[in-house]
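Chains: A, B, C and D, in written order; residue numbering restarts at 1 for each.
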Amino acid sequence: MKASYTMGAVAGLAIYAASGMAVPALAQDTIKVGILHSLSGTMAISETTLKDVMLMLVEEQNKKGGVLGKKLEAVVVDPASNWPLFAEKARELLTKDKVAAVFGCWTSVSRKSVLPVFEELNGLLFYPVQYEGEESSRNVFYTGAAPNQQAIPAVDYLAEKEKVQRWVLAGTDYVYPRTTNKILEAYLKSKGVKSEDILINYTPFGHADWQSIVADIKKFGSAGKKTAVVSTINGDANVPFYKELGNQGIKATDIPVVAFSVGEEELAGIDTKPLIGHLAAWNYFQSVSTPENEDFIKKWQAFTKNPKRVTNDPMEAHVIGFNMWVKAVEKAGTTAPDAVIDSIIGVSVPNLSGGYSAMMPNHHITKPVLIGEVQDNGQFDIVSKTPGLVVGDEWSDYLPDSKDLISDWRAPMSCGNFNVKTGKCGGKGT
Amino acid sequence: MLTRFLLAGLDTKAWVLLSVLAVLAVAVPFMALAVPPTSPWSLSMLTVTLLGKYFCYALLALSLDLVWGYCGILSLGHGAFFALGGYAMGMYLMRQIGSRGVYGNAELPDFMVFLNWKELPWYWHGFDMFPFAALMVVLIPGVLAFAFGWFAFRSRVTGVYLSIITQAMTFALLLAFFRNDMGFGGNNGLTDFKEILGYDIQAPATRAGLFVATVVALAIGYILASAVVSSKYGKVLVAVRDAESRVRFLGYDVEKVKLFAWTLSACMAGVAGALYVPQVGIINPSEFSPAASIEAVIWVAVGGRGTLAGAVLGAVIVNYGKTWFTGVLPEVWLFALGGLFVLVTLFLPKGILGLAGDLRQRLAARRSRAAAGSNAAKEATAP
Amino acid sequence: MTDPLLYLDGVSVSFDGFKALNNLSLMIDPGELRAIIGPNGAGKTTMMDVITGKTRPDHGTVMFEGNTDLTKLKESTIANLGIGRKFQRPTVFEHHTVLDNLELALKNPRGVFSGLFYKVSEEDRKRIEELLDITKLSPKRDVVAGGLAHGEKQWLEIGMLLAQDPKLLLVDEPVAGMTDAETEQTAHLLRAISGKHSVIVVEHDMVFVRELGVKVTVLHEGSMLAEGSLDTVSANQQVIDVYLGR
Amino acid sequence: MRCTIRRLLIAAALLIAALPPLAAYAADLPALVRGLGVSNYDELDKAIAKLAETGDPAVAPVLEALQAGDLNLRKSDGAVVVAKRAGSGWDLFDPLTGAALGPAERSAVERIRINNALRRSLGAALGALTLMSPDPAVRRSAAEAVFKSRDPAGIEILDRAIAKETDAGIRTAMQRARAAAVLNTDAPEAEKLAAIEIIAARGDRDGLGLLNTVVNATAPDAVKAAAREAIGAIEHRLALWAAAQNLWYGLSLGSVLLLAAIGLAVTFGVMGVINMAHGEMVMIGAYSTFMVQEMFRAYAPGLFDLSILVALPVAFVVAGGIGIIIERGIIRWLYGRPLETLLATWGLSLMLQQAVRSLFGPSNREVGAPSWMSGAFELGGLTITYGRLWIVVFAFAVFAALLVALRRTSFGLQIRAVTQNRRMASAMGIRTPQVDALTFGLGSGIAGLAGVALSQIDNVSPNLGQGYIIDSFMVVVFGGVGNLWGTLVGALTLGTINKFLEPYAGAVLGKILVLIFIILFIQRRPRGLFALRGRAVEA
């Protein structure tokens, strides 16, 4: 009979869970902001920092008196690097906590996982990480770099300044490197690079044993033409990769490596002396010397009580995104998503590299592109900066199926994949 | 005949569980759809999908308990069957998107378009038809399990060796599905589904429908499983668990005995996966990760292996706990979860229901000395 | 004479060099009750393993009913041919009741599906009652086997053996851990069932072997040392040297 | 690289001391040095070139300072100075004379930045300047530098240097450098052909690259033909070495697997505990290394090279201690229930990960490589990195040590006794609880040692262990549970197979194939490579 009690408990539990979650968020005197970053699992290594920076931004804003006279309240959840959980937590934030906007996700899969939820419940997501493009949603604001804001300028730099003729495109086997490399391949070929001068290599997540691949790169590099590696290797695998580079003595002066996913955070785990001169392309470096940035770094290190704590590009993306949202809300006079979606387009806020970033109609933002060389102190020396700001290009011009597409979320078009050829919304059409 | 076979196995526990499921199957959709959101009795869609997810896991746990609890085969790779079922369903849902993808390509899913695949890989054909997909949901895991079990059991791979190669199996599949060249969307997996059987997949009614479907599937799975374990074949299963070679010398073909349970269990897992995908809205290789499979084992252990109700209970409790912890103490929830596992194994070796059973025995023991004696003997000889 | 039920011919088995069976030949007639004795490591258990298909011999053939070579078959098939085995250490299904243990052993179709849809028939019930009486386990019918005493387990296993209704029973040290009375009963039982069935008993307990009063085969280092009535073999000098003498 | 610079500095200092004051043209040096004070990379490049043209060894230290990033621009007067950290500010020196110019504020100077292009020209310039250095090592690296830069200007200095050179090895290096430079000029065909021969003799990748450039560039057909021929020869040679290279990679991957698995071979193989927290023990070892290095960085930066050696015992003790605590606290209640140990240790691993995450933060920690573990050397056509070499050595050392511990010591005897027959052992008066605890501690401690080694090649993050746990189980099971030799052979086999598959199948497919291989192999040998056979198994 005991069994029946326990089974009864299940029912009770289910109902309790039900009612517990059905209670509408009471505290209406605050505006809730959702923070959707993994605090455990494989992605915690990158995302925890972003959670902290969001908490800091919220605190700062509240010191300034909050938004629309209300205090902001950060709601932190842990999607635990588990993609279905991302969707579930997004739903929880939007329906249970009734947050006004969500700042979060890292890697495309998490974004793709939550995308339907945000579109269904008409929420707002600010996605702070560089990504492969090929997407534009009414409910998502992409404050990270699109390929044309990172990859292409980097390749241009190498071709001009380093006279590179031979290219190794090395990446982790997932969608961002795949797409970026497709774009780069097309771009390089359009610049007259022959296909035998391009080597594409993919490795699994967390690949730890790089001996063979680094050796292959060396081999590919000894064909008498200046060779460079364009790395879209994902966070975890970078440390062993760079350690192997260092040990096998591949110097930046011989075969430079330019990375799109390696920032100050990643370098924090490596002894960078053997890596001096290897490059990274971002829209922000901690070494940017502007008053805004120095002020930001000071606040950050004070907030985390760690004078050595580094800053990086996705953090800046969150700073920009958050300020844009605040500005848009004040402009709209409400946090209602539709109003914010309308008001945020065109909003421009100072970025940390001494300029202004503006939200474009395609929900991507304008950013400068910086190229940095690794220094022995784990920081980057900025060796090149685009003269102007670059607009994020969601649909790459170098992919056959997306070159005709544009995105513009302003009325009357208000379409994420408008086809300029057919003049119809909805991709290639049929 | 069949009905007799099916109903034979149902004990009180079973009837309680089934009635709970029945209540939920009616109450939840009603509370979610009919009750006005203002009332405290109204359920949000979040809750409905959550419960749906729990019950998918419960079905997975059930299938695992069938082989582990009753046949002594500890599978550290059951997530693979779950995920394969999920992918089969996911492929159907992808095909349903049709020209509503961002590229408006009627034929190819988006991820194929931007990696400019030219035409649909052969193994994607047919998945636009639900019956075919539904068949594959059970067939693919079933066939894999059959092939795997056929070799493993025939060559008498047992115990931890079997566990480890099941792990190897799911790990290999994990790596394989991560490869974009496989044509399953790589790490991004399959997502952004639009509709199922013509119904908008995000519509509350559809979600409620999926929930009911899940509950029904769980109920059927439970009835089936309990019928199997309470049949003579079920007794043979347990016999194999306890003294494999003895069963052989009684003339039973142990390989076949195991293979049937193993394959059946894989099919159940596949169904669970298929119901899981439309509700959580994404299927991705991480479902293949050995960690996921081990977690499923832990649900069963927590609930009490060798008791079907225990498997269900464990899955629901652990996952509810996970949802709750990740929301309430995001920073330290792993301590809570990990601690739970340690404590359960230390203090509830037979799981929650096992504990219930023990208590009942204690009571019985107090009543009659004879029973006490036999119990003591049992404790002594229990492994 | 009738052709033998079981015929081992030149069977050899070795584990990592150690010869467990060395060119062993043995003949069992239908209905015969045979006792096999021999010191530890003489190969008694290995011989049973070979007959029941648990171990594959390196050389030699094991012919059952004249025409089936057991060395090619797997345990379950051999068991279904009508060869039952009782282990040295009593092995019953600890988590099943006495009743279930017997039910599983009963001679019935062994297939998965017949198992799924099996329903205890009238004659099955009768047979089980018989066996419960023979093994004196009726009062314990609903006790889980794990809760039985050692001797009771021995009996249960013998009961299961009978339930199989095999042509040939291999009984490995059946009276270990039994009281003298039980030992006597077992001897009676075995004598009783021989005739219908052939029985091979492996025992150390000389008293018990004498009780049986049947042809005895002495194994030593994997091959047959002597054969005959207990008196003749115990007179045999070699046997005395290697075994009885100690 | 660091130390070569130090040597260069010493050498240069000696030079300045030795040579008579070069009043002749030292006069305009300061002006040229001042010319370095520009922010634009191209102008800076020109300035460097001007400075190098003087050929005056006195400029070497200036260029080295620039290379090392010590050269600064004093904002007040635009002077170019060497700035060295001094507390919160700087101490300034004259780059040419090295005379102290007193302290300065942190913000008073601005570092003169260089990029890769400038690093290259600096290397070339310094190469040419230091060819005459009294220090052989400096001359050798100078020759290498010129070889890389292929600067025709270097030719006559090289000729002089070669004439004076006494060390045969260095002379060849110089001749090769010269040849490289010659191939970069429009020298007569004969001379070029000779040069190609010299390069071909070098026979390595750099030589290959150089010859390829010759083929790509415009040159007389005879020269191109010769170059092609040389290329063919070198490539043939390298192809032969490729197999050996794979073997080496396999060996080093194998030894990493061995390290990761060997601790498990004790806790799982010998004790039968399915220890899912094994990976976390490895991680703890890695973090102990990090802690030890932090200590060294803080208190004895000079002895940093010893940090790893100190880390070994520390990691062993820390991980081993935690192992013992776990055994006493949890495992001991679960003996005879291996699958329960799986669940408990799994929960445990979650907690350990989170604990480390809360203690050290989620991001990677830097574990530096001591100088004797960084870099690589050429063995014939093989590139062997010291880090990997030491790991291979270490793995085998640990294996041998463990083997001895189990076979030769009384403790090992007790372990085997307990694992084979617990009752009998305790009946014979062996204190089985202690033995259990110590055995588990031993396994965990070894995992800790593995962590020290792996910290050299992998992330030091809370997820470190997760990356190895599955592979470890595969190795132990493949090799045969309870058999150390099996673990050894298993690890090396899997490593080698993996590395020979990788070039053809690619990294991902390679790994998949290895897993499938394991699954099939277990079908053939259900108890692994080195299984016990016969009745022992039944018993």
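The rule we apply is simple: a contact is a pair of C-beta atoms (placed from the backbone, for glycine too) under 8 Å apart; a residue touches a chain by one contact, two chains touch by 3 or more.
Treat the numbers as computed from the prediction; the structure is a model and nothing was measured.
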item: Most heavily contacting chain pair (counted by C-beta pairs in contact); value: A-B
item: Chain of greatest Cα-centre distance to chain A; value: C
item: Chain A and chain B: spacing of chain centres that average the CA atoms, whole Å; value: 34
item: Geometric centre distance via CA averages, chain C-chain B, whole Å; value: 43
item: Centre-of-Cα separation between chain D and chain A, whole angstrom; value: 31
item: Geometric centre distance via CA averages, chain C-chain A, whole Å; value: 73
item: Chain D residues counted as touching two or more neighbouring chains; value: 353-354, 466, 508, 511
item: Touching two or more other chains - residues of chain A; value: 39-40, 173, 202, 204
item: List of chain B residues in touch with chain C within their complex; value: 1, 5, 228, 231-233, 235-236, 238-239, 241-243, 245-254, 256-257, 260, 373-375, 377-378, 381-382
item: Residue ranges of chain A touching chain D (in the complex, touch as defined); value: 39-42, 44-46, 48-49, 161-162, 173, 202-204, 206-209, 211-213, 215-216, 218-219, 221-225, 236, 239-240, 243-244, 246-249, 252-254, 256, 265-266, 268-271, 273-274, 277, 373, 375-376, 381, 383
item: Of chain A, residues touching chain B in the complex; value: 1-8, 10-11, 13-15, 17-19, 21-24, 39-40, 76-80, 82-85, 87-89, 91-92, 95-96, 107-109, 112-113, 115-117, 120, 134-135, 173-175, 178-179, 182, 202, 204-205, 399-402, 405, 416-417, 419, 426-430
item: Residues of chain B touching chain A in the complex; value: 12-13, 16-17, 20, 23-24, 27-28, 31, 37, 40-47, 49-51, 53, 99-106, 110-111, 113-116, 175, 178-180, 186-189, 191-193, 202, 280-282, 284, 286, 309, 312-313, 316-317, 320, 323, 326-327, 330-331, 333-334, 352-353, 356-357, 359-360
item: Touching residues (chain side chain B, partner chain D) in the complex; value: 74, 151-152, 155-158, 160-161, 163-165, 167-169, 171-172, 175-176, 178-179, 290-291, 294, 297-298, 301, 331-332, 334-335, 337-342, 344-346, 349, 383
